[in-house]
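Presented sequentially are two complexes of chain A, the first with chain B as partner and the second with chain C.
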Partner chain A sequence: MKTPKLSRIILYILLGLFAILSLLPLWSCVVTALKTSKEVILTTPVTPPLRPTLAPLMESLDYLKRPLINSLVLVGSGIMVSCFFGSILGYVFSKRRFRGSTSLLILVILCLYIPPQVQLIPMVQTMSKMGLHGDLGSLVLLYMLFGIPMCTFIFKTLYDEVPDSFINAAKVDGAGTWTIYRRIMLPLSVIPFVVAALLQVTVIWNDYIWGLVLTVGKANLPVTVAMANLKGSFVAEWNLQMAGALWVALPTLIIFIFLGKYIMRGYAGM
Partner chain B sequence: MASLTIKGLTKRYGETAAVENLDLEVKDKEFVVLVGPSGCGKTTTLNSIAGLIEIDEGEIWFGDELVTSPEHGIFKIPQKREVAMVFQDYAIYPHMTVFGNIAFPLEIRRINKREIEARVKKTAQLLEIEELLNRKPKALSGGQRQRIALGRAMVRDPRIFLLDEPLANLDAKLRVHARVELKELQQELGVTTIFVTHDQVEAMTMGDRIAVMNDGHLEQVGTPAELYHNPRNRFVAGFIGSPPMNMLEGRLEEKNGDLVIDLKFCIYELPKKARELIKKAASSEVILGIRPENIVITKESKRRRPEPRPEHSRRAVEGNSLEATVVHIELTGKESNVHLEAGGSPLIAIRSSTQDLRAGDKVWLSLDEEKIHVFDQKSGEALL
Partner chain C sequence: MDPKKKERIITALIILPAFVSIFVFFYCFSGWNFFISLTDWEGFVPSYNLVGFKNYVALFHDPLFWISFKNNLLLILIFVPGVILVGLMLAILLDQKVRGEGVFRTVYLLPFALSFVVTAALWAWMYSPRVGTINVLLEKLGLGFLKSGWITDPNIVMYCIIAALIWQFAGYSGIIFLAGIRSIPGSQIAAAKVDGASTFTLYRRIVLPQLKASFTTAFIIFMCFALKAFDFIWVLNRGGPGYSSHILGVSMYKETFGLDKFAYGAAYATIILVLSLVVVVPFLRRVYRRE
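And now, the complex of A and B:
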């Protein structure tokens, strides 16, 4: 066997240190979630629990049950609507260009760069006028609309990879714009749909600010906002908070582990 | 089935014209090949016929139906033109089976299922791809894909076939086979066909007539033999034929009542019958063209006249043959291409046996007087 070079050994030691460093918060989160309130105060956040308990996990789940369902509703409706429109718009921008379509596409993409802080007040006013403020419905509507530019961009870039000859061949064969979309583009869209949906899941699930300003009452809160409420009013109940954080992070964690490569494709715009 | 008439087709992209003032007439059931180097506008022409692009000027007629005329505001969308097109990449839909691909144009037309099945089967039989019908195209070879694309074009009896370099993606051996097959198929179906290629061998072997394009212009239209033996200009002469025609620059002069071309390194005397034809030459700067197979290589100089005339004697000419050096011999199979150098210009001659020749040998070339071409150097037009 070849003896490894010294530089290689140093490299692996360094990499190991970095790995430990980046996993430390997760470790601390897991161990704290398994401790009783007393043990949280008596021990450091990184020491493993002496008497592990599932109570904080159960208690926080009970509290987060409704917000978890709320967030699922938001994610589900948001994905369906914005992917549907994103796919159609992406098809038009990619394969059915018209005069001014490039400028229009730039406008759509610019929407991605407007920071939410700027939109907070006008959005709250608009939702109030529509009578939706405080209700989960306001968030449903918001995520549906806000997802469209991103989805359009993803679908457009991925549709650009479909050869134009597919479209031209279908045209010559007698297919109209809508038939081409339905029979050629849509069946070829599995990957863009997965990529766009995953990006929307992570965006909507992790979003905090819109839920905070637009919804009122536990029945309407998304899970991120509800989780923040777990911190307790007088005493910081770290174990409950950490357990809640675990529940919130779990779905995205699973998605990243199994479907991470699609998310990378989305961010890379390929 | 229909004839096709193109009148004054012009298509511009910004300032540059991709196709300029192109006139072409294709008879019913004819196989016409559009050939030219890449970027010459042949695909633009094809897309204009299909209606995939809108043109700036001109008219396109299918039979007696005007399908495109920007002047009259007529533009028939591709869906309604009843043409079939095979693309260079075949455009086979990966998510459909072979059957689905071929049936696609029929399904669009809402033809009933039983008839679709019958017609797809018949087409598949004709193309010998029946056993592939239930397969997905992903794992199929280039040749099989090409047949599927053809099948999709054939299945619905189009008025005109448009083929955009359908053989370019096949390997050399398969291409020769596909060439013959495609031509036979076209004759069997009797559909008017426009075939685009950059390969002049394909054009020569397949076309009833060939339209040579260059730089957005139509250079010459004619049968393969016409183009080969009577190229109208220097471009067509150089483009058609492999190896290409040899071109030697020179000056047309009259010497002692004989019309000669001063090739700098020697004087070439033109045959008597050429003199009348060539007198119309506007400029005296010309190009002498000769096809490789019309050059005879001899090791001994052929003396036509016992005493060469004094003004000729300073040059390396004996009778009417040119002195040359063998540079390289290329065996192509039955014959060999002999690469030569004469007075600084490269030449290629074809010879069946080259056992007596070796690189570096000094040889004499005599040109077949019946087969020489003379072009005007400026305009490129054929003078002879």
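And now, the complex of A and C:
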């Protein structure tokens, strides 16, 4: 049997070390979330609980229940609208170029880099005028618009991979812009929709600043804002904080573990 | 009607609703924010008197602005190169025909899946001086002399934050570079190997020079992030202790929504926008000039 070369051993040691660094805070979070307050003090933050308890998870779930549902609503409504519009814009920018379409595309892509700070005050003002400030509805509206540039970019990139010959044949047959979109592009769009939707789920679920600024009152908070409040209210109760963090983290962790391949296609080009 | 013209109108009608909403939300709002920064709006009820660039003059005489600016600069100068270097290292390690590459990749990416609210809670626990993970582990490993107040120490709090952010983004950075490395034609690498190039030379001479696009992408993404950063620090310690970890985003939020100084906050926001545009616009121009 061939003994592995020294360089290979070092390689795997390094990879393992980075893996441990990457997982350490998460590991510490999980084990602490399963401990009683007493055990948190008596054991180190990395030792597994001697007697695992679900109490912190249950207690934090009670605190986060309504916000979790709110965030689900936001994700659901947000992805539907932004993916739909993103797909249409992506199709036009990829297959229906016109004079000035590149400039428009640049304007759309530039949106990805505009810091949210410049929109906070005008958005708060607009929502107050509409009587929606403080309400979950303001966030629903926001996330419908907010994701369009990102979705447009993803759809445009993925539609570019569809050969133009598919469309030219239909054009010769006299099919119009809308028909081509519905009959040819949409059926080819399963993967783009999956990629864009997963990306939007992650972005909306994880977002914090907009919920902080636009919503008031526990019934309206998205889960990240509620979690930050939980952290502020239970400063010394680390097991409760870690349990809360775990609830917020769970959906996106699952997406990255099982569907990471798709989501990284969306991030790859940005 | 001429069918070609009809098609054009249909295309315009399809993209119009989406385009108008984007335009209002991103561009009109940015413009409106700039307008507000030229007024004297204070308090929750909007009242506008144009005062010109008074807010900006006040900003440049405000010690808090300079503290935030300096901290933000520190964030940029350490976080951006740091996350790029660690990512590049991860990408090169992962490129060595590693068994279980997919597993390692997923593990490195997990921190990137998390909300800043979650990672702030996680790192508050890691850095907690009395019972937190890092200090306890240092003690157990016999390195008790390295124990520190971490995020409670105003002298090192920014470095602690930067380390945590590098942790969160390293995997993402790694994926950007791995994609870049994988797009280099295999024949070039094979040819270099035939010529007897060592792994080190191979990366220095063949791979790194072709990663220009990956470097640019990573640079833009992480620069823009560093300029608008807010969530992580706000949830971790509200920019504390004192003002020691205030950055532009944190001060903008506090002035606007903490003290109701809307016009002043809008001036902060405009400065963040201008700095971001300085980074992004040249990049976008270069990318799309080719099309």
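The criterion applied here is as follows: the second predicted complex is superposed on the first by the 264 of 270 C-alpha atoms of A that agree within 3 Å, B and C clash if a C-alpha of one lies under 4 Å from a C-alpha of the other, contacts with A are read in each partner's own complex, and residues count from 1 in each chain.
We take it that a residue touches a chain if its C-beta (ideal position, glycine included) is under 8 Å from a C-beta of that chain, and two chains touch if they have at least 3 such contacts.
Since we're looking at a predicted model, the values are computed, not measured.
Overlaying the two complexes via chain A leaves chain B and chain C side by side, clear of any clash.
When the two structures are aligned on the shared chain, A:Q119 is found in touch with chain C, with no touch to chain B. In the superposed model, A:G217 lies in contact with neither chain B nor chain C. In the superposition on chain A, contact is made by A:N168 with chain B only, not with chain C. Of the two partner chains placed around the shared chain by superposition, chain C is the only one that A:Y208 touches, whereas chain B remains out of contact. When both complexes are overlaid on chain A, the residue A:G176 reaches chain B and chain C alike. In the overlay built on the shared chain, the residue A:G100 is in contact with neither chain B nor chain C. After superposition on chain A, the vertex angle at the CA centre of chain A, spanning the CA centres of chain B and chain C, is 90 degrees to the nearest 10. Counting residues of chain A touched by each partner, chain B versus chain C, the larger count belongs to C. Of the two partner chains placed by superposition, only chain B is touched by A:P187; chain C is not. The gap separating chain B from chain C in the superposed three-chain model is 5 Å, by closest C-alpha atoms. Within chain A, the residues touching chain B in one complex and chain C in the other are 176. Residues of chain B that touch chain A in their complex: 47, 50-52, 77-81, 83-85, 87-91, 93-96, 104-105, 108-109, 152, 156, 162.
Listing the residues of chain C that touch chain A in their complex gives 6-8, 10-11, 14-15, 17-19, 21-23, 25-30, 32-34, 36, 46, 90, 93-94, 96, 98, 104-126, 128, 131-133, 136-137, 140, 167, 170-172, 175-176, 179, 217, 220-221, 224, 227-228, 230-231, 234-235, 249, 252-253, 256-257, 262, 265-266, 268-270, 272-273, 276-277, 279-281, 284, 288, 291.
In the complex of the two chains, the chain A residues touching chain C come out as 11-12, 14-15, 18-19, 21-26, 28-29, 32, 40-41, 44-46, 85-86, 88-89, 92, 96, 98, 102, 104-111, 113-123, 125, 145-146, 148-149, 152, 176-178, 181, 202, 205-209, 212-213, 224-225, 227-228, 231, 238, 241-242, 244-245, 248-249, 252-253, 255-257, 260, 264, 267-268, 270. Here chain A touches chain B in the complex through residues 163, 165-166, 168-176, 179, 183-184, 187-188, going by the rule given at the top.
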